[in-house]
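Right, one structure below, let's go through it.
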Amino acid sequence: MSLIPGLGIVRGMALTLRRFFQPKVTHLYPEVPAEISPKFRGRLQLLYDEHGTLKCETCFQCAQACPIECIDMGGVDTKGRFAVHWGASETYGERREESALRRAGRTVPDVAYEHWSPIDLSAVDAILHEADHDPRRLLEILGATQAAYGYLPVAALKRISFGTGAWYAMVYGTATYYHHLRFEPPARLAGADEPVAPTVESGRERVEADYLAALDQAIGPGSKRPAGRVN
Amino acid sequence: MDRILRCRLESRFGERLTGPVRQRHDETEIRIAPGDVPEVLLALHDESEFRFRMLSDLAGVDTGTTMQAVYHLWSDTTADWLRVIADGMSRDDPRVPSVTFLWKGAEWMEREAYDMFGITFEGNRDLRRIYMPPDYASFPLRKDFFLADDAARSPAGGVRHMEQTHGPTNAQTGARIRQAPSS
Amino acid sequence: MTTRTPFDIPAHASTDDPRVTLDEQLGVFEPIPPYPPRTEREAEFYTLRDGEMFLNMGPQHPSTHGVLRVVLKIDGEKVVDLDPVLGYLHRGVEKLCENADYHQAICYTDPLEYISSLFCEWSPVMAFEKLLDVQVPRRAEYIRVLSGELNRIASHALFIGWFALDLGGLTPILWSFIERDEIVEMLAALTGQRMLFNYFRIGGVNGDLNHEFMSRLGTWMSKATHQINSNQALLNENEIFVRRARGLGVIDTATALQMCMTGPNLRATGVPFDIRRAHPYSIYPELDFDIPSRTEGDCLARYLLRMDEVKQSLRIIDQCLHRMPDGPVMAKLPRLIRPRPGRAYAAIEGPRGQYATYAISDGTDQPYRMRIHDPSFIHLQSVGLLTPGNLIADTMAIMASLDPIMGGVDK
Amino acid sequence: MTVVGRTWERLTIPGKILAVVIPLGAVLTAGLAILIAVIGGAVVQFLVDNLPLVRFVVAATIVLLMTVPSAFLIIYMEMKVIALMNLRYGPDRVGPFGSALSVVHGLKVLMKEDFTPTGADVPVFTLAPVVVYMSSVMSLLVLPFAPGLFGQDFNIGLLYFFAMGGLTVVGLLMAGWSSFNKYSLLGGLRSAAQVISYEIPLTLSVVGVILLAGTMSLNQIVLGQAGNLFDWYIWRQPLAFVVFFIAVTAEANRTPFDLTEADSEIVAGFATEYSGMRFGFFFFAEYVNVFIASGLTVAVFLGGWNAPFNWPWPVAVGLDPGSLGIGLLLLLTLGPPLAIVVLGLPFYLLNSRIRFWQALIIGFGLFNVIAVAAVLGLAFLSFDWVVGLLWFMGKTYVFVFTFVWMRGTLPRVRIDQLMGFAWKWLLPAALLNLFVTAFAILVLNR
């Protein structure tokens, strides 16, 4: 404090008055876009190769390594199915409860999320209830599910993962390992048009079909995949 | 590693140490019984050859078989951190005397250890939960803590009231069940 | 003196009960917990004497620096006693870290004290390196010190702004944000993020210095001292500010040591205790800098001390730039880290004091126990010691001068 | 009928109100015009007979209407000036340089939900902003804006002023007590303590001026300072000026004495529970208070509407429009179109891209600017109240700027420092000033 009372106040006021006339430092954001440094890694990005196709092959390594599970993805697997999905609810079975996820800073399953192929899941629930939601009886559950639906719909797999607490990757891996389990309705395998499982017609499904058609068109008829069969 | 500190500790607390003095990097570790905590820490704090004036950290540890209270101390007489482990508390009712008579600032750290591990610090004037809700029933950092069950055991059921729904929930997991759209 | 114990009130006052008054129904006595007291201290605090009342400050209050609730027991404007209630921001970081592997655990510690994230990473990284017996390359150490000191300046700049804001000044916080924003942009060029940098890795840092960072740093360093000095004219001599901060919240050395204080708050009481000197780590023994200390121990001393520390940090940055060696920035390490079973403790000097991590390894790829010691948590505790007897306005000033960050307090 | 009914149902509530009020107003206005045409003479005679009453009603209306734009202006000034001092741009989106932002704020406040907390004392809670606002507005009534331009020339003007200023605290106390919130209660009590403490030095500091002027009428005080810069009372009462300025800052609850609404301590004090237009009333009252405080300082110490120097070259406009006779009619009818064409022609001729109608629009704009400037200039030269008003407003806004500037610079004082300052420093200083003034008058007049 200076000797003269009030001099400090006056000096401060002189400083603010000087700043009043100085050039301003605000970034005028919407007009002047922000300078983002090339190293900025706040945004997830998918990379494309020189042919314009995605480099990402949905191996989930990034999602599995990400500690806060901010990476979530869906994709087409080698058989051309929208079978793969990764998310918080699948990874940590014991922490699926919403409040726990919130407290843990994890993403909360979105109730508004619509499955790719919505189907009536009450049969799966009954099977799960019968099997006591026990992940160790996974094979039994999967067999029963296949018996109920004729094949293993993706939504049913997710429900099984959700109900038993087993990781989705584990359920999916089990289902792919055994030859008697299949992911496509037998009707489609035979080449018929009508699906067997009681699917619900939805926009998603149509989008899926459209997407597949577009994919076929892009790849060309010559390279059309054999339906659901690995040669 | 400060060899002299090791010698001094061994000569001063010879019979009180429940294990060998361990040294690694810049840390010296001694183990004592929980009952000896006030006397040992008082000696470390006051005596001129130690002068451990600063309580750097106080932590609870659940080893799966026993509970430990771990004190980290700093002194200008040595270049090492001194780690004092009060070992061998039972997991059912872990009890250890409080060090708040030496460091008032240990109060909240003890409260935290109580909140997370259920270690009772005898002599702490304000030993209550600090992070978790007051009616929370379990101790989250214990190794046998299982969130879904333990949170549900509390009267308020964790923080469920923030996002209660009226829809059907899975009896097992408590998660909301989405109704598949009827055809 | 009439004494009324609030615990006579039924736990959940019902609107149907005719004996329940409107006040009780509406929750006039809201800060009174609806359960019997668990400790003597709680019973004593929640018992009102004549003329006293509770004031529930927070969880949403402009001056609590986060989601903190402080129950003040006031007599008029005078604060008789207070009881901080924590846990509104508790995320269970320690538990999360126990369930993540060593690399992922560092990511969780970032948002602890979100305005000095690098220091929150630094201590776990050092603890894990001790567990693994890794030698960090010297260039990486220099980069750590350089970026850490920049982060310290950013944190102190924010402190100065907040302190002034809690005393009612509108301008300083925006001026500090100018400095802070430049530093944060600079660190974004280096680390890739503006706030939660996640830059330090076990055995080094994630990426070498780049051109954009160096050019930004050079531009800023050339004008930083002038800018900081000219900003001081606003507050340092202002009579209103000095009169409010001087002699407020005085804590002496013995009490400060008893309260386990570290960092600027301890140094303001006259102890030049700084872990950078007291327990050297990284390359600090090679650098030339002073440990400023003041003897008053009041809010003004704590404020001025941080001003001095900013200047010392600038000195350190300058030396780092001049002595920066060449070489790798990461040690050779396996991708999956499985340290031998053991215990490690690492403490560093952050802008608020001692950040420490106590890690126990059981030989797997996840830490068995990871204890995080945070200075904000320790310092917030002493608000209860410093405030009683002062006015409500002083509560905010004292709390701001101790500079707690709720992200760190609630872990 | 159904069409009308359906349209009526589609209207919002304000729309319905307007749909009723506008035709009604039109009908009433037309009726009034007819009434005036029929019994006009008698009405005019009645009004002339009761001129003070008419004057009061007109003045009160004007003052009430004036508060809103001046509050908007000061709010904008506060936002912009503090922003510029903080090295920000501040409002820059709505209107030129963001000047319409405060109007938008006003509209926003109007549209917000008007919320009364459970447990509040509803009548008191509702009345409090009205009391605060009305006491501010009523203070304006005695403020002399220009020669002959004031609401009422009370012979106890200053006393009335302080009485009205003291009424504000009643409103604040009402707000603080009735809000059912401890922060509000603290704010209300703080404001009571603060305003009552600062009333005393405030009143005592102007007693010296009252002694010098020999009157308590603000108009007379301003008239007493006629002449040049050195006839203002600030030179004869410098200490009183300092005390008055500090006390009036505290009265207006401005930084560094804004303890009643200290946002970092007691959230917003008495205004914590208020929302919508009730909060808007508090807000308006605060800024009107700033205007009043500045205006009062100017009127008492800085010569009011007096110019700081005498204009050395008096200009007399000897223009009498009436003398033009029929030429005036011709000028009014033919002048504007001719001027528009003449002003627009160069644009049309010199720039080939401008169409003729565009040139006409440009000419019309230019003509309007020139005409308004000419009329205002003429008024400035012809009427001395225009000059006085300009000087008064100029000086007042310098003080408003100072208040805003202080808010941008200074931190807040503590409540005990605030009270101690009033009782230990300001009150003795004001008393000292009073004694010295009285003694000097006694000696000099003898």
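We call the chains A, B, C and D, going by the order they appear; numbering starts again at 1 in every chain.
FYI, a contact is a pair of C-beta atoms (placed from the backbone, for glycine too) under 8 Å apart; a residue touches a chain by one contact, two chains touch by 3 or more.
Computed from a predicted structure; not experimentally measured.
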The pair out of C-D and B-C sharing more C-beta contacts is B-C
Most centrally placed chain - per-chain CA mean versus overall CA mean: C
From subunit A, which chain is the farthest off, judged by mean CA positions? D
How big is the gap, in whole Å, between where the Cα atoms of subunit C centre and where those of subunit D centre? 47
Per the centroid of Cα atoms for each chain, what is the distance between subunit B and subunit D, given in Å? 64
Between subunit A and subunit B, tell me the centre distance in angstrom, where each centre is the average of that chain's C-alpha atoms. 38
Quick check: how many Å separate the C-alpha centres of subunit B and subunit C? 21
Residues within subunit D bordering two or more other chains: 85-88, 408-410
Subunit A residues touching 2+ other chains are 9, 12, 15-16, 19, 25, 103
Touching two or more other chains, which residues of subunit C qualify? 90, 92, 171, 175, 178, 234-235, 238, 240
Residue set of subunit D touching subunit C in the complex reads 82, 85-88, 118-119, 180, 182-183, 186, 190, 255-256, 258-259, 262-267, 407-417
Show which residues of subunit C lie in contact with subunit B when the two form their complex. 33, 35, 38-42, 86-87, 90, 92, 94-95, 98, 130, 255, 257-262, 273, 278-279, 342-345, 347, 354, 356, 358, 360, 369, 371, 373, 377-378, 381-382, 385, 410-411
Touching subunit A in the complex, subunit C uses residues 90-92, 96, 100, 103-105, 107-108, 171, 175, 178, 185, 188-194, 207, 210, 212, 230, 233-235, 237-240, 242
What residues of subunit A sit close enough to touch subunit D in their complex? 9, 12-13, 15-17, 19-20, 22, 24-26, 28
Quick one: in the complex, what on subunit B touches subunit C? 24-27, 29, 53-57, 59, 61-62, 70, 72, 74, 76, 79, 81, 83, 102-109, 112, 116, 125-135, 140-141, 145
